[in-house]
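Following this line, the structures themselves.
Both of the next two complexes hold chain A, though its partner changes from chain B to chain C.
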Partner chain A sequence: MTDAPLDTARPLAKTRLSHTAAFWLAFSAVMALLIIAPLVLPEFWSGFLTEILIWGLLAMSSDLLIGYTGIVSFGHSAFFGLGMYGAAAALLLVSPPNLWLAIMFGLAGAAGAALCVAYFSTRIRDIYFAITTLIFAQIFYVIIFTWTSLTGGENGLIFDQPHFAIPFLVNVPFHTATMHWFVLAVVTASYLILRRITQSPFGMVLQSIRENEARTRAIGYPVERYKIVSVMLSGLFAGLAGALYAVQKEFAAPDFVYFIVSGETVIYNIIGGVGTLVGPIVGAGFYQLMRQFMAQWFGDQFPYLIPLGIVFIAMIIFLPQGLLGFARRWLNR
Partner chain B sequence: MTEKWREEKWAEGFWYRGKVSRRRVVGWGGGAIGAMMLVPEPWRAAFGAAKSYKIGSEQPLSGVGAIGGKTALVGLQMAADRINKNGGINGRPVELDVVDDQSSPAVARQKVEKMVQEDGIDAHVGGFLSNICLACMPVFEHAKVVNMISVCLDTTLTTTHCNRESFRVHDYAPAQAKAFGPMLAKLAKNWHIVYADYAWGQSTRDSYADGIKKNGANVVGTTGIPLGTADMTPFLSKISGNIDGIFAILFGKDGVTYGNQAYDLGLTKKYISAGDGAVCESSNMPALGKKINGFIGINRYIPVFQGPLNTPYLHAFFDEAKKRLLKVDPSGPLPDRYVQSNYEAMNALKQAMEASKFEGHADTPKLIEALEGMEMKEGYDFPQGNKTLRKADHQAFLREFLFKIVNDDYQLLQVVAKDKTLVPPACTFSA
Partner chain C sequence: MRAEASPGATSSPVGDRGAAPSPLLKTESLAVRFGGLNALSGVNFELDREEVRAVIGPNGAGKSTFFNCLTGVLRPTGGRIIFNGEDITGLRPNLISQKGIARSYQITNILPNATTLENVRIAAQSRRHAWNMVSHHSAFADLNQKAEAALQSVGLLDKADELAANLSHGQQRNLEIGIALATEPQLLCLDEPTAGMSAAETNETKELIRRIAKDLTILIVEHDMEVVMELCDRITVLHYGQVLAEGSPQEIQQNPKVLEVYLKT
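After this line comes the complex of A and B, so read on.
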């Protein structure tokens, strides 16, 4: 009698184990491919892949809000841009340019913006939250665009790339492959941290807010506080993406703070699949590659936004769960 | 039937004595390929088809800079076609690899990286928006590809952000201010500067303020107007006090808005009206109409043939450019400084490639050496006039035209020689 529950639990545990094994197996395979990519790809495509990873990190950061907390942010360009300008400030002020300081400054810049946005925006819901984040992003854009003496205005800032340096161990300049591996390491670590967060009790509360905010509040959770932490975390990872972009490209420009970047981030999420973390990276890759290939196949002046828009609408209608959600459902069939 | 030739008498020795075997074909074929690889480049160039020079060009063909970008491309294409028609450069044709930067630094950066790393361009001529020029400069620097900046005006391109690979073959604000300063000081004692409130407007404002003050006049106030402001009245109506002249630094649509609204408010009647030539660029003239009459400006190119501008070179440039512009814009705009500077930047590159016997990307150091300090003589390649590409900062110095708008047309007031526009270099190349 007493053994009966154990017997039924065994297949469940087995299934969970096989799911975990399958996940890590797939994870290792993708990681292996991404690690060897710069060794086999031409220089341009290797750099392009690195850029996709950075846009993917930005999209993944917003997935914490869209997919897990159930709030859509149109202000991620502000976090990304301030991360970029924070890194730029460190790279311009400190000589020789220091990689870790750039990342720290980038995170600080994004954290400042995220705190400001989170404090005011999380008191409101749905479309009002989205509009407030959009307005904040535009405020930051105007400040950056017009405060020329500090931000370089429309021209932005250009600076030297820092070396990859670990005190007393290594100090080497970046090249395409090492930059790719560095960005890959940061994006992977970010993914694992975000995955852990979403699977933690904190992440469960966020998902509860997404499902039913009123009920979550009714059972005693301070919903506003959870949302503030969620926006802050999301903003920090978006800022990290901005800092990585600045380090890779050696420039910062106000265009990255403009709301179009926020819109593209939401599109990456929808294409890849919200609430999957990896999906937005896939979405960013799909979008960037489509744009690149269309220019290559149909000429540089081909209006790629029209077919991309059609693909986007088709995906919303036929694959509302996004590419990864669809793949997951297909594999589980 | 096809094998019948083997039976012929003449073929017997060739076929039956084992002279052609698979082993021999592979052996001789391999040897021939190896020999081809070992033959020096000049021999291959001499006996093979002339390989074209691949010249990249990043231009805003869509987005906010599209109108100017398409105009600029006309000048570049015109120069490339003329070069090819006259036998190319060093006997090799020129092939343009044009990419649309969509007026976005992120897109421009991606496309320029592709042009340099994937398409393997030999050199680059282009860049319209200053923020994009700045964002792309490190790509050319790292790849050691010569970058001929053909429109971007931001002062820092050849000062604080200068690099060894980038050259600007047209003027910049400090030189224009030096050329215009003496006349401005004579025209009015106290000036108020109205400027586009962003990087270009602000740096140009500083240059002109400096130029005015150095010549003994004063700048008593400045008004920054955000880009794309449709109603400038709230800004312009505040301009008052002890002033004699208003100096405007605006371009494109903002130049048109300023010209019309300053007239409507009576400012152009009350005060001397002057400014950067961008306010009344030839493409703006139809929209400005009579309201811009009396405006005094400076430009490196104006589409008229008065006095020293009545040259066969300027006529030839004007006629061809006008014909080509009509194909791009059916309203038939006149050539402007964007067409001129792209045309001349490509010709400057050609001159340096010929002087350095440039063969390809590997010869970039030789090409840079030829460009540094290069003199360009007035002629069909450089209809605007003589130019010097200064070695210290890779900035060109050229003559400037001071003009007044009379009866809706440009009237040349003065030609300032290139030597009178010289300002000290402010560039330190990284080691």
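After this line comes the complex of A and C, so read on.
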């Protein structure tokens, strides 16, 4: 290749600077709203917002696979559920219950499941992989549902909420607002980490795999290894969401390992816009709010899935990029 | 069973490199069988350093099969492929790429919604920083420099910040070559580099290949004989999975066997 001096003074640097400023401005505005939310919202809605953030984290973890690596998992409930039961194990076995131990146990549980799914991802692809993850999650569901002596079966497990504790510094019980801030901090950190991962050279390889796997291999990348790592990362963040959910709700139940949770995770992604990371959080909020409003207006027995399904189909037809799809390039730069 | 390969005269313009006597690429009785069909049989092929070689042949001659064996997409059922004195038979495409063989695709580019520079940089980072998860992908001066150099050699540096999807067809094909170059190959395999191009674009691409051929070994797999005549030092003609003839463009043009099976004029 030529060694001639290159003209490096292209205008890229300037636009990147203003883009960076705009991004962090928008980020700070959203953060400010989310931070003051529990101070102005009624207690129920504040807890509901916290829950949305947790579902958003689950959806965001799955976006790493769907939107960036280009593989669809219908088994994220397995990661979420094992994160949940892992946290439950720590909270039940160790006294006094420890927040950080719960999260670590949750991550370990999800990592175990992710390792199996990661192995599948290198062997089978596309719809076959999606179906295999679905079956895999259902196997976990059946095990958890039937192994009553360990998991409490259908009734699940109930435990005490751990305190927010930093050794030698603080040890205070959570209340609605502090729980919200804690979850917000974890989800925000997860977002920033995932954003950095997707922008890194590693993340570019994932996107290259999404666009053209054979081409990516031909320029020298061991595609299988990248897929394994991306499934592992995705599973860990999904497990983190599960652990947070267990801590917030003080229970673990087999319903959350059921495939409906996996399906909803994919729906959050499609509604919010895959490949944007924040889109899936918005999608989760949109879905959960719609469901909540319908339950409030028409009662608990209202078959909310019918109108939600219609909305979902309409969005696929008229807004196939999702709510935040229009900003994909901007968010990923 | 040896193919009836005619060694051809030694009057090629690249005979004077005494420092590297062994060929860059060599295949020994390479064979690929699909069921009952011998797509390639007994292909003995040698490619010298800094040579520009074309492999041509009529449809179904085994050109693509040969190409896919060299780049690791297909695993040969017999024979060996030696690159730089190293047996690379049956290695996976990513390892072949790491050994220094790059290929261009006919279907273009990696990330249509990324810029030209980003597309090339993904290829450049396959040699270093590939697993980095903590830095922004544009933050590496060495990668940027390599990517810009690759863009410059294919004449796309002024389009560095253009989205790949917005390039013209011909520019996208050149970007393809740029992506291959960014992996810093020793051997560049081009798959019908001018297929589907206008006459003007074809001329530009020919010019481009001539330019990058100065310090690179190039293997062109081509259907169209016209394209390779003025571009290549030597030409190998495949027919029914075997080497029918090999020689300089002039020799090939006058070879009666080639005229019979290929040109049919």
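Just so it is clear, the second predicted complex is superposed on the first by the 312 of 333 C-alpha atoms of A that agree within 3 Å, B and C clash if a C-alpha of one lies under 4 Å from a C-alpha of the other, contacts with A are read in each partner's own complex, and residues count from 1 in each chain.
By our rule, a residue touches a chain if its C-beta (ideal position, glycine included) is under 8 Å from a C-beta of that chain, and two chains touch if they have at least 3 such contacts.
All values reported here derive from a predicted model rather than from experimental measurement.
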{"item": "Which superposed partner A:S200 touches (first chain B, second chain C, both, neither)", "value": "second"}
{"item": "First (chain B), second (chain C), both or neither touched by A:F326", "value": "neither"}
{"item": "Chain B versus chain C as contact partner of A:F182, first or second or both or neither", "value": "neither"}
{"item": "Which superposed partner A:A253 touches (first chain B, second chain C, both, neither)", "value": "first"}
{"item": "Broader residue contact with chain A after superposition on the shared chain, chain B or chain C", "value": "C"}
{"item": "First, second, both or neither for A:E51, with chain B first and chain C second", "value": "first"}
{"item": "Partner chain(s) touched by A:E154 [first = chain B, second = chain C, both, neither]", "value": "first"}
{"item": "First, second, both or neither for A:P222, with chain B first and chain C second", "value": "second"}
{"item": "In the complex with chain B, residue positions of chain A that touch it", "value": "42-45, 47-48, 51, 145-146, 148, 152-156, 158, 249-251, 253, 255-256, 292, 295, 300-301"}
{"item": "Touching residues on chain C, where the partner in the complex is chain A", "value": "71, 73, 92-94, 97-98, 102-103, 105, 110-114, 118, 121-123, 125-127, 129-138, 140, 143-146, 148-150, 152-153, 157, 160-161, 179-184, 215"}
{"item": "Chain A-facing residues of chain B, complex", "value": "61-62, 98-100, 104-106, 109-111, 113-114, 117-118, 130-131, 134-135, 137-138, 154, 156, 161, 197-200, 202, 226-227"}
{"item": "Interface residues, chain A side, partner chain C - complex", "value": "1-4, 6-8, 10-12, 16, 196-197, 199-205, 207-208, 211-212, 214-223, 328-329"}
